[in-house]
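Next come two complexes built around chain A: one with chain B, the other with chain C.
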Partner chain A sequence: MDSKQIADMVIAEIRETVPELADQPISPEDSMAELGVDSIERSEVILSTMEKLGLKIPMVQLHGPKNIGELAELLFNKSAG
Partner chain B sequence: MTVAVTGIGVACGLGHGKTAFRKGLYEAPDIFSCLTREGRGPAEGEPPFIGVEMPEPSEVLAPRLARTASFSGRVALSVLQEAWQDGGLDDIDPERIGLVVGGSNLMSREQALAARDYSARLAYVPPRHAHMFLDTDICGLCASTFKIRGFAYSLGAASASGAVALIQAREAIRSGRVDVCIALGALQDLSAYDLHAMRSLGAMGSMRFSEQPGQACRPMDAARDGFIYGEACAALVLCRQDLAAAGKTYGRIAGVGLAVDGARGPEPNSAGQVRAAMTALVEAGLSASDIDYVNGHATGTPAGDDAECETYRTLGLEEARINATKSILGHGLSAAGAIETAAVFIQMKEGLLHPTRNLEKPLDSRFNWVRSEPAVHDIRRALKLSFGFGGMDAALVLEAPDSGGHTS
Partner chain C sequence: MSRPVGIEAMNVFVGMAALDVRELCTHRGLDMPRFENLLMEEKTVALPYEDPVTFAVNAARPIVDSLSEDERNRIEMVITCTESGIDFGKSLSTYVHKHLNLKPNCRLFEIKQACYSGGAGLQMAVNFVLAQTSPGGKALVVTTDISRFALADANAVQEWAYSEPSSGAGAVAMLVSDSPNIFQIDPGAYGNHAFEVMDTCRPGPDTEAGDADLSLMAYLDCCAGAFEDYSRRVEGADFRQTFSQLCFHTPFGGMVKGAHRHLMRKLYKAKPQEIAADFDKRLGPSLAYGKRVGNTAGGSVFVALAGTIDTVDLTEPIRIGLFSYGSGCCSEFFSGVATAQSKQKLQSMEISKSLDQRYRLSIAEYEELLSGGAVIRFGTKDTKLDHGIIPGAWPTTGMKDRLVLDTVKDYHRNYIWI
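Right after this comes the complex of A and B.
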């Protein structure tokens, strides 16, 4: 599992959580907020991805990433660590 | 100040909307069967629960919101949409519109399913669950979808919740807080846990009719055996009579009564029921002999129907026509008082009373029951009763639009 695969997982969760984005191209450079994913939906996306990764860390440790790629990188580092 | 009803939306096992409701009330088809919605299965080795489940509602919400809303919430929105359009509320100042949602612990089935699914992985509980199982989430869904900006809250009065929502909505108009108030009897989405407890309590119908579900729900009949659950939801738009468009009202709520028995559990109390009814009659400036139609609580529990017949006798309602809407819909619990009040106004408009299913041997033959066939009847002044566990007694006097004014 690398950060690229994790980014794909995040994008799949976004499409699941916001069905309106199902057919819209989404790349790791996009930010969830700019895609219109609201804060509760962002939490849902992140929690679902964490569960798929078997990752249990407080959500506050995941603040900071500016886009999906950076989030995936952070999740990858937390999983590896 | 007179308060009129200007909009109605309904959902139940007969279908969604007033057209299906009206047709179903008069044709009284057998819609009872074994409950199959996920989370309502019986304990191993026990027969399934009998009741009524409604078809899927039309979806008011966009998909991203619909997936976060409870079944009770989605049905409430569908019903409110119908009532909203019927009442023409797009033209009303949103800050002069209020909402009272009747019912408590409304989403216990879905909450039980969530507890089942997440109990072994609590770290991943969806954040949305912090608010989506609150009864007030229905207020939030309704007010974020329709322009309601006066106030919104939910209240609980067990199976009298729908009627008490009507009472409080009317009060909000009479106090001047708003000009229009929606009373919504929300769908009580029972879980298997609730169903088992109701069966164990002896309140819900036993297994006597498990081979003939259509026979199980028999309010006011000698062979009644307990209430039978039926999913339901209804919204009524209440409006200051002087602001309602001429000729566009279903009728008015002329008097209301609310009493508490001082009993904790399910046991009924005729004295409390009579007090509630008398309060409503006095406020309406009427006596029981002025009532020409009674839509009772009439759940089909052995003790409940006995107490209610005693109430009819004490009040002297021998001249009035009486039927039991639950015989067709089942017991909507939190929604019952609202959808049955909707049934009164529909019958008032049609000049026709719906039949009472399974009323083969009425408990008290002195009353003027509507039995297996609809009955032509010009309802002028109706009494609607709703009771709930915890000794809740609610009564409403409902008058036809042109039945002469009352002042208060």
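Right after this comes the complex of A and C.
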């Protein structure tokens, strides 16, 4: 699993969590906030992705990424480390 | 077996004025479908002559008034819990003690740890009773917080937007003793989770700064961590089975929903439908008052407790799990038991009626208050309050049962009963 695949997982989770975005094009350069994903939904997207990756770390360690690609990169590094 | 300990009497003071949050969101141009996720209806807005002292005293007075003189004389500690302090040295407790006419042999101090202050205060009082250093002694714990930010310009309003709809005001007074008529604490049944994080803070007297994502993440980490620590201490504790009801610190209902979902998925891999039904059943009642006052910070978990006790069926005693979280951060999961007597006693405080009796502010009136001209800033030396600023909000009952700020002279705040 590379960070590109993780970004695809995150995007799939976004579409799952916010049905309004099901048909909207979403790229790794997009930020969830700008797509209209609210803070509760953002945390759900991250938690679901962590679950799928089997990643068990404090959520605060995943704070900071500015867009989906950066989040995927961070998730990838945490999974590898 | 340790002796009984817990909350003997409790009251929530919900302020004198309120704002319709939906109207506010429309006015600010916030997206309405997303608004529903907040699970908010109204919020209490502190008037310029209401401060953390008046909120605290107005919450505690009905409790103190209902005591006999002998009982009143056994209040040996007044702990105010707040992130809205009015002085770096002198505690709010000194003013509260004065306006409640309590005895001089009393320990007075103030506790700060953001919204966890009330949890910390209650546990200090509970341990005072359990320690039996003064058998029969009572402690008065009062959480009191107001969010009042003097917003100078449109830019500041914009920055505040993420928390404005939910920022409320309120105070919760709790008399803690060995007669826990409202809520009997399970002694030794608690779990903590704490770590340093800069999620939200109050770096200046009239400013709040924060990161909504980081705050939510810290809250979720703490919720799981504190319950894990509780389970370590309490043999056989099961999040789904042990507690008939749950009360969480409630910045807004949506956040509680997120934390509940996180725990149900983490602990039981529960499916969305089961999670939603469990939330409605075990956390829905806790939102009864919070959705009408907004985030009351240190008191919000106890505003939730009051809502639960007032609205659920208590024919049989039930165990309630409480989760208190304060940014920065520290948290605690603890539990206790409420009974039919709890409901009877709490209903005498008529919290629901007080909510209905608040003055409904128009957006124009709210904005006038928000512009901050009439607000007494931290460190004000001398001033006289304008009691006519919102004419309709001033009570005309003349019952002398409500405290308001009148003047400040040489930094000393003078209050009057109206």
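FYI, the second predicted complex is superposed on the first by the 81 of 81 C-alpha atoms of A that agree within 3 Å, B and C clash if a C-alpha of one lies under 4 Å from a C-alpha of the other, contacts with A are read in each partner's own complex, and residues count from 1 in each chain.
Note that in this section a residue touches a chain if its C-beta (ideal position, glycine included) is under 8 Å from a C-beta of that chain, and two chains touch if they have at least 3 such contacts.
What you see is a predicted model, and the numbers here were worked out from it, not measured in a lab.
Q: Kindly classify A:P19 by the partners it touches after superposition: chain B alone (first), chain C alone (second), both, or neither?
A: Once the two structures are laid over each other on A, A:P19 reaches chain B alone.
Q: First (chain B), second (chain C), both or neither: which does A:V60 touch?
A: The second partner, chain C, only.
Q: After the superposition on A, what does A:S43 contact: first (chain B), second (chain C), both or neither?
A: A:S43: touches chain B and chain C.
Q: Is A:E51 touching the first partner chain B, the second partner chain C, both, or neither of them?
A: both
Q: Please identify the positions on chain A that touch both chain B and chain C, taking each partner from its own complex.
A: In chain A, positions 40-41, 43-44, 47, 51 sit in both the chain B and chain C interfaces.
Q: Show which residues of chain B lie in contact with chain A when the two form their complex.
A: Interface residues on the chain B side: 62-64, 67, 121, 123-124, 126-128.
Q: Residue numbers of chain C touching chain A in their complex, please.
A: 31, 34, 37, 162, 195, 197, 211-214, 216-218, 220-221, 254-255, 257-258, 261-262, 265
Q: Can you name the residues of chain A that touch chain C in the complex?
A: 36, 38-44, 47, 51, 58-60, 62-63
Q: Considering only the defined contacts, which chain A positions touch chain B in the complex?
A: Those residues of chain A that touch chain B are 17-20, 40-41, 43-44, 47-48, 50-51, 56.
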